[in-house]
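Going in written order, the chains are labelled A, B, C, D and E, and every chain counts its residues from 1.
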């Protein structure tokens, strides 16, 4: 386990190194710098002052090394967008919000998706199956979440006045964004769950369990679901980083001061340190989820050995 | 949303000790929530001299500029009670009021203005607006370039600590206007913290204005509370200001549910609001704000727009009136020239011959330019960035459609993000062949807006005659003479058509019905709502707005973080 | 004893001049196939070696059948595949028609492939489900340019006829056929390449008895008509006994006994062979009642870590200390009959499994 | 009896496969209907200029946001453009992107995936790392940077989405290759001396085509929305080109003003998503001769 | 085993009696008549062999006895009487009590027949507590004892393993122990050794014999291997196309096979002869998939003795002599044809 984790971790580091380098190069290749948003161009000397102030007058490789060096000291730099904060501080402030929404979304969508998928599979070829698989999952997949969000706000906030129109601070604020955000992953989850449950439903060992007189309930829970849900871990894992880093659309629609919006603003503002930090977050989160889902998979499924996993 | 049952607060005193006017809600309800859309914006500072283009909502409330502007754009005393130009016209002297105290106990003096302006010229600070004083204040340009120390710029204490002298590079008539931009930092705090950033931290915030910082969260909200130590001359009825910051999303529902007390409406909002009985009944306040001109500019150094006939053809083929009627009304007026009617020295009629809607003339001009019926006209990219307030997306499509159908040419739209747009526009030489932009004034003088088109300015249209007229206008101090000069300049500009001027934007506002006061009333131009420069210490609007009793039961949930 | 080979088509260009009919068609010496696998255990990544085949010598003459029996996982298939170089041997040599296959380039090998073919256990799985029978049979003709285009159809029909399938099978898909019919298609495809040698990897194990008999009859007939040589892999001694001239018994990657068919069936020497015989169910109540009490106990050990000495010692009722430490060589006990057992004599004298073998018939 | 009562015998064996596939496809009622609708959508997209009553950019500012009428069957948008025509032209853009981008992804990804499985070792390791890098970089960020660098437009968007879609195809192709290479029929082909390229193209790919088709079809709505997301940021399809995703973005705010403006594109996308996924499932089953 | 029941070999009342069983699968376009009027009986302590080619309906018969025919299959007629009770009339919860408790089942493929995420012990815990209400140490001891009785070495530790850690042979032993856990009265083994090696097959069959002998259960052994029937059954039913073709005691059947199909099957089996014959007797043609009910002997198309009668009338299952019935218009009388 230790060796496995160490190896995964090392490759992750390597991958992140290459990735940040690519992004760094790309960022600087893009027209416009962090201080080009003014309607009047800054006069030469003023611009030179700004560039010098942020170390942007140095060659790119130098800038990258500077960044890397600072990173090794745990310093992600100062966001151009918020020069009075550190990138770390900025993320520490914005991310918890995204994490709260994302965490709940994961909970709601995965649980909901599992329940729906199982229900559909266990009622295979009935109207319920049809309703859940075709109708619900299509709506989930065919409607972008900001449209869903807009509809929810129009109905529940403006028309009925039941829920806040957006914002952050009270528990009710979570409801609509989580619902809107959950729909798509829930639909996906339901689809996968259904497929994987159906696969197990007709397995030999389920038949043999029945032949030993086990009740259908027990068969469903211990024989069908327990094995059917295991492979979902590997499907769930890679989805998590996307959800936990937020959606700009959801955040904009519901006025959530989360991390998601930084993915666009940082790159629109050419906020280099922030962009890199975001890329790192996603990479680390992604790597962690990946490794964790591997480990979780081996823990819950006795058949799999860690080393044998290859994707 | 719950509506609060407000008891009358008329006659009682608010936190700043001001007696509330008749019909006002109780002191506890004197808070004002304003929405801000942070899309494409970044919030770095609350002070002009720290950062101009990335100021956070509710900035510049912690200080008092030398002069202020009233509802009718007249310069009135601010921190300075009076001012005069020196005999040689090369300097201005301002006389500060006594007894305005910073919240750290120090008095507001000339030193604060001196230190602030020196700080602005400091190459290490790299102020993003340093061009503003360049060529105006003596030695300022050299100081920015690091050639002379900042202490040598022409901003000095006069005979005592209440006298401030501004020396200029030459005679500058509009210094009092420009001095609207003199919201000072505290010299002591500047020394103590090394930069103006101290003001975004409630713990270190130093203010001489009526408000102090309670909360600064640039992704959610900025909250200003009453500055209990305020000793200045202007006391506002409203105790607490909340700037709610939204990263996009639809604003109208936020206003409808009482999340915010005011809304800057887009033309689309108006259409939607008209469908709703509650919002339909609201009064639409509108005013030109910073007198924005929205126009299409050309790279006049390259074909096909190096040909004046081509540019004129485009200018004549736009039916501004019907475009505005369908897409912007009532929030715009047609632009026949660069300056909005009502703006100093603006003229309209002398310009119309060059910009009126005349498709036949447009076609013939294009033919004269060598592109009969658009034949041989190369495909052109038309760049723009999205702005809901000016409904840009629809406008550029309408423009493109007009040009393509009237002139038979092929103009293709290309949207960019704002950064890329300005970066490419500002490149020398510019990378944008044709683009849609706006410009809003910085101070009330034709020289400000018109200088956008001076040679080597924002756009690459160079015209020595025009430059000469601008220089002449800046030096002239007789209004009548200036009017003549600027009329000629405007004709010159419009005739040469380095751009197609499309519309002057009007800002539309909804205020929750309980928001009332003189500041919202009509000014002499007939515009209402809070006028430029907005709700702050640079204007007299602070004193003219209060929260009235909520008779209409408009929803007003109390924002969190307000006692 | 065997009729002269009558290959219907002209001999291939690949036939080397050095090879003569008297020489064995196929000679395998010291064949070793090891697989490197990732080891068990979640903690440390450890490479482990599967000793799939561990030093096997075989030879097969023209128009002969060599039977290869053994339990699951003992390396029969691996032997079969590496003889065809579908699996690169870790060590050892494989000579076919006098040419050393392991020394050939990929190109030369691919040219030679058509002379040696394979038929699989899973009749359906070995046929591409997306190809019609016609396509399947045409593929070897195509890749080896055996028959001009206009003759291909004719040749395909010939092949179908050869294996007893109707010609209208051409446009149908494998899954439309029963297992036995698929096996016929597999055989036809192998024959399409005009091979002289076929590896039959448990070709009838998956089939019903009645179909099994049809296929075995077909294979026998084809061998006689076309002069083929077979390496016949199976785990059923009865079937192998009907098919083979010589039989090799494999256990855990090694050959424990190899002999002429009759010699082996009359007097199996190795206790494992004897055990295998005793395990064959006999369709005669009278006989099966008599034996069957003495069965080979235990299970085949893991080929990851084969037992030391004689690999059968863990299950052998005759095992002594010597068996545990010393690996028995394959020694001749009768002409053409070789056994790898320290105590073969004893085993023959006193068969621990008291098998019913052939005595009763 | 299995063999007795069967269909028409021997034809060209190639057409046999397609014939049989078509037969299987036809039997699946849902797939058949979906397939017909999908074909209609594609035809509408291809023949948009012939079908649409107006041009996609034809404006009439005086007819802004009018409801359904005889002149404009589904009404008009803010600029007075005919919504029906825009929906029809939208099919053209959306389908080009939604089908084109996965196609580009497949063309890049499948060879890489197969090469990765085929060569194994270092090549495989590097490809796997490349998968990781591409999965890790937030797509929206990469998109913003690339679009800022290269500009936007239908073709560039298509290429960009295609280039980011390759990983999925490569992964899947690699997995399929690895799963198939030890199957008996592939080994049999090797034993036959069938050259590698032929094994891959004739034996491996056709067998992997089912999962690839399903994946491809799944990519269609995903791609429409990715493109729509870029339009949301103003970086996707350029005005005045009609595109369903963009129409959703622009139209949602009109919900209270004009239902058709807001809902028409949503209905179009839902319809396309459903029909393509049912048709894809049907296609997968039809291309698998062993199914049912 | 401390079962005090005396062997009651073929006494009057059979343990299980299947009468005129009809099972069909209603597919979209056709109906498969998998079992058509099948009769069979098993007595306590008796081992009944069921043989036939693939698709002849052996498994469906076994599933019917447990009322576990997978959908879309349905029992459309006949009756199944187990210890005097009609199983088809039982409510589902009673059936659950019979499954596992009264009737045990051994599967064809032990490798896929245990829940991969439960340990071996978990499986035993389930049945032992469900049917016998055992718990704690008692249950554990019983599990150990059961596993030991089927020859699993070191059962106390092995039972903590997950199924994938055991070999096929061991898994089949576990399956047998599991089937025997509640001392059922009837054991159904559906091709229990097809997936196993010859030597392991011999071990398992020996175990099967021992268990039946010891505990006096009735057993149905489904196989297509006549050799196994010969060695491990008392009576045989030969099935073809969902019907019984012939049934007799093992000795009788092998000595005097009367049905041409039985005869054909017997001739197909390769023998361990001293010298090789290179002759293989096959039954020509293929077994049918019955999609319509026709009045004919289903074997007629493959039968060399078939006449027009065979092709137009279904032969009834009649007693040839006591204990030996056959459904054939032209029975074989000369038994020497076997060899």
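Basically, a residue touches a chain if its C-beta (ideal position, glycine included) is under 8 Å from a C-beta of that chain, and two chains touch if they have at least 3 such contacts.
Note that this is a predicted model, so its numbers are computed, not measured.
Taken together, subunit D and subunit E share the touching chains A, C.
Counting steps between touching chains, the shortest path from subunit A to subunit D takes 1.
The interface with the greater number of C-beta contacts, when B-D is set against A-B, is A-B.
Mean C-alpha position of subunit B lies 90 Å from that of subunit C.
The mean-CA centres of subunit C and subunit D are about 48 angstrom from one another, to the nearest whole unit.
Once the centre of each chain is set as its mean CA position, subunit C and subunit E turn out to be 32 Å apart. Taking the mean of the C-alpha atoms as each chain's centre, subunit B and subunit E sit 91 Å apart.
Touching two or more other chains at once are residues 2-3, 144, 148, 233, 253, 256 of subunit D. Each of the following residues of subunit A touches two or more other chains: 30-32, 150, 154, 248, 268. Chain contacts: subunit B has residues 250, 417, 419-420 touching two or more partner chains. For subunit C in complex with subunit D, the residues that touch the partner chain are 81, 84, 86, 109-114, 117-118, 120, 122, 125-132, 134-135, 138-140, 143-144, 166-168, 170-178, 181, 186, 189, 193.
Listing the residues of subunit D that touch subunit A in their complex gives 129, 132-133, 135-138, 140-142, 144-146, 148-149, 171, 175, 221, 225, 228-229, 232-233, 245, 248-249, 252-253, 255-256, 266, 269-270, 273-274.
By the touch criterion stated above, subunit C contacts subunit E in their complex at residues 71-72, 178-181, 208-214, 216-217, 220, 235-239, 241-244, 261-262, 265-266, 275-289, 292-293, 295-297, 299-300, 356-358, 361. Within the complex, the subunit D residues that touch subunit C are 2-3, 6, 9-11, 13-14, 16-17, 20, 183-185, 187-195, 198, 202-203, 206-207, 287-290.
Taken together, the subunit B residues at the contact with subunit D in this complex read 250, 268, 271-272, 275-276, 322-323, 325-327, 385-386, 393-394, 396-398, 400-401, 412-417, 419-420.
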